[in-house]
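First chain written, first letter: the chains are A, B and C, and each begins at residue 1.
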Amino acid sequence: MAALLDVRSVSKRFGGLQALSRVAFTVDAGEIVGLIGPNGAGKTTLFNVVTGVYPPDDGRVVFRGEDVTGAAPHRLCKLGAARTFQVSKPFATLTVLQTVRIGALNRIPDMAGATVKALEVLELMGLAGKRDEPGRTLTVMERKRLEMARALATQPSLLLLDEVAAGLRPNEIQDMIALVRSIAAGGVSVLIIEHVLEAVMRLSARIVVLNHGEVIAEGRPAELANDARVIDAYLGEAYSLA
Amino acid sequence: MVAVAALAIAAALPLAAGPHLLTAMIVALHAAFMALAWNVAAGYAGQFSLGHSLFYGIGAYASTVLYLRLGLTPWAGMFVGAALAGIVGGLLALGVYRYKVHGIFFALVTLGAAEVAKGLADNWAFIKGPVGILLTMQNAPGDFFFLRREPYYYVALAMLVAMIVISLRLERSPLGQYFLAVREDEQAAEASGVDSYRYKTIAISLSAALTAFAGSFYAQFYLYVSPDTVLIFEPQLTMMLGTMVGGAGTAFGPVIGSLLFSGLGEALRNLPFLESTRGIVIGSKMVYAVLLIVVLIYLPGGLITLGRKGA
Amino acid sequence: MIGLDVILQAGLSGLFMGSVYALIAIGFTLVFGVTNIVNFAHGHFVMGAMFVTYLLFKTLKVDPYVGLVVVLPLFFALGSLIYRLVIQRIVEAPHSAHMMVTLGLLIFIENLANLFFGGDLRGITTTYTTSSLVLGAVSVPIARLGAAAVSLAAVVGLALVLHRTSLGKAIRAAANNPEGAALVGIDVGRVYRVAFSLGTAAAALAGAVIMPFSLVSPFVGGEFILKAFVIAVLGGLGSVAGALIGGLLIGLVEALSSLYIQASLGNAIVFAILIVVLLYRPWGILGQARV
């Protein structure tokens, strides 16, 4: 079965820094795949290459069977790959509803239909009460939910989440895990970058480990917990499977 | 229903106003129209262009030249001018946005474009260069020409009402949402499926076409066009002042701002009962400048935010 | 065919004016480089200083160069005042706000001048206004030579301040990294104010020294700011050395092109150059590619 997302030996260099080096992995339909690695490993760079923010120097990105290497971000979104940003980017002066509706317009080109879809997603994300608030008045947690809502409203087949659990309190992390699970249950595949290892270990069917721009390990969470290379990369960090 | 009342009052105004006040009102309506046209690109889509005089000039010259050379009535000529401006704006945008210019760089490119246009126009014999073109009209009203002043008021009013309706419809349309998204955060907009390159270009093109209509009106009202009247920074300033003071990105902000600045400004000029109003006119401009600065510092959303709850 | 001596003469004239343009542009680019503010009213400061110089000459018979003793501190203080009253409140605002606010300043200054002096062009005639040194095939107008010399001296002086004094270091630090500068104890607000005042003073110096051979009206400010834009962008926004090179270049282009084509066409060419630079190399000749 062809993979939903096929990253083929992607490399990217910024001046003197090799940010990505022959990175290759896949995400199949229906999977939640985790992407972990220490700071500076290249995780967000990978997201940027996959979603078209900038093209790779080498390698190809194939999404739903189509070569999308270097395609513009809006094209990726139209094809069904939606992403959130690590530092959330709300539309500051637009209301929560307006923001999510813009995402909904991706598939539903009329205002009435898009509004219905947006309200639906807001309900799912627990933001319905804030629909008329401008984006800049939201708290950190609310902004993350808004990011996800906007991405979800575009009706993607693959959702790329960039550190949605960062900065959250323990109970909020549990909520986030449940949220991502329900999104996946709704038929959306997920590729999730996460530093909060508890979250990514609990959610992912498979994990890809990045370090210095290279894939150093890949496998099921349980397999990786004792992998020497992974532990080495996170030297000094303690974690455990919850 | 406030709108209907306002419209009724506006329609009845010429009956009560003398020629001086009437001219002031016409200038104000014209300014409000232009401001809303610029607002499409700058207010809604966040593309702060400093070169809109280019499009104003295209409108003024196009309808004029088509009339004098081909006898085409300016009623139709202004649409040709708008189309031309739309194309020029679109091409400009397509070229410029390819290079990912933003903020001050974008503003300077547009300013440069307008300056280049003025320089070229000053040397283009076909449009009589710096001497300009004097319009001699044959038929009223068929040639967009009237013997009395009142009809110009009604045309300007109709144009403004149409422009307000266009703005309101834009605000409520998907296109309008794409403009807003691009304005707020281009990267996030792209990630949400919005083709920012395309919509920025559409914004400039649309704004350019609408601005051209104002240029044609100018030509028909003052019956003289030259690079020194329509291709200078003045129209640009008018559009910007009205929009920014009134409230960019809204349908009524630019109207309020323009009525205040341009209407009042014109009204203070040549006051019928004063011998010399030079000092008053200049003084009023200084007051406006201060008002502009004060509003921008303390009410960055424009005067229109006074009528709303704090954002 | 235009003779070589005419070209040489034009070239010299271009370099002289170019030095003055450079000074004006440096004032502008310094403010932008440090505070990130585009001061549309910069050209009107030049105009203001021209008028003050004019006034000093007409009423008190003070020579423009002597008048600098008054003009420079006056405009430095004015710059400081304007910064405190207006500019510092919009430093954090988006570029569009900078443009509009400084446009407001422009309108205010222009109309103030119009109110006091009227719209006519005015000039002064000093003892050296029409004097020239004849060196072989070219004649060197003393007034223009003086303006160029003072301008270049000011540029060197500014460069020295920026690179040899602790104030200069603070300015460069704040320009480079305001947060970092604040962390090491630099009063960034004060640095911004000083930079703005220096920029204003630079404009004023230029205005004063061109008065012996120029005409002033409330409406000449526009020309100066437009040139400053082109030169600053050409040289690299924020780069003093770049603005110097850019100024001399533009001065030359302007003077030499005037031999062959209309001034308005020459103007169009200069702006076409601006557009090309903005599109292909927005960081200018000496600037650094910044994201």
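Quick note on the criterion: a residue touches a chain if its C-beta (ideal position, glycine included) is under 8 Å from a C-beta of that chain, and two chains touch if they have at least 3 such contacts.
Remember, predicted model here, so these are calculated numbers, not experimental data.
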Answer with line, ring, star, complete or other to describe the graph linking chains that touch. line
Contact-count maximum falls on chain pair B-C
Which chain has its C-alpha centroid at the greatest distance from the C-alpha centroid of subunit C? A
Gap in Å, rounded to a whole number, between the CA centres of subunit C and subunit B: 31
Any idea how many Å lie between the Cα centroids of subunit A and subunit C? 50
Rounded Å distance between subunit A and subunit B, as computed from the means of their C-alpha atoms: 44
Please give the residue numbers of subunit B that touch subunit C in the complex, ascending. 42, 48, 50, 95-96, 99, 101, 103-105, 107-109, 111-113, 115-116, 118-120, 122-123, 130, 233, 237, 240, 244, 279, 282-283, 285-286, 288-290, 292-293, 296-297, 300
Residues of subunit C defined as touching subunit B within the complex: 38, 86, 89-90, 93-97, 99-101, 103-105, 107-108, 111-112, 114-115, 222, 226, 229, 233, 262, 264-269, 271-272, 274-275, 278-280, 282
Per the touch rule, the subunit A residues reaching subunit B in their complex are 51-53, 72-75, 77-78, 82-83, 85, 89-94, 98, 101-103, 105-106, 109-111, 114, 134-135, 150-151, 154
Footprint of subunit A on subunit B - complex, ascending: 172-174, 177-178, 180-181, 184-185, 187-197, 311
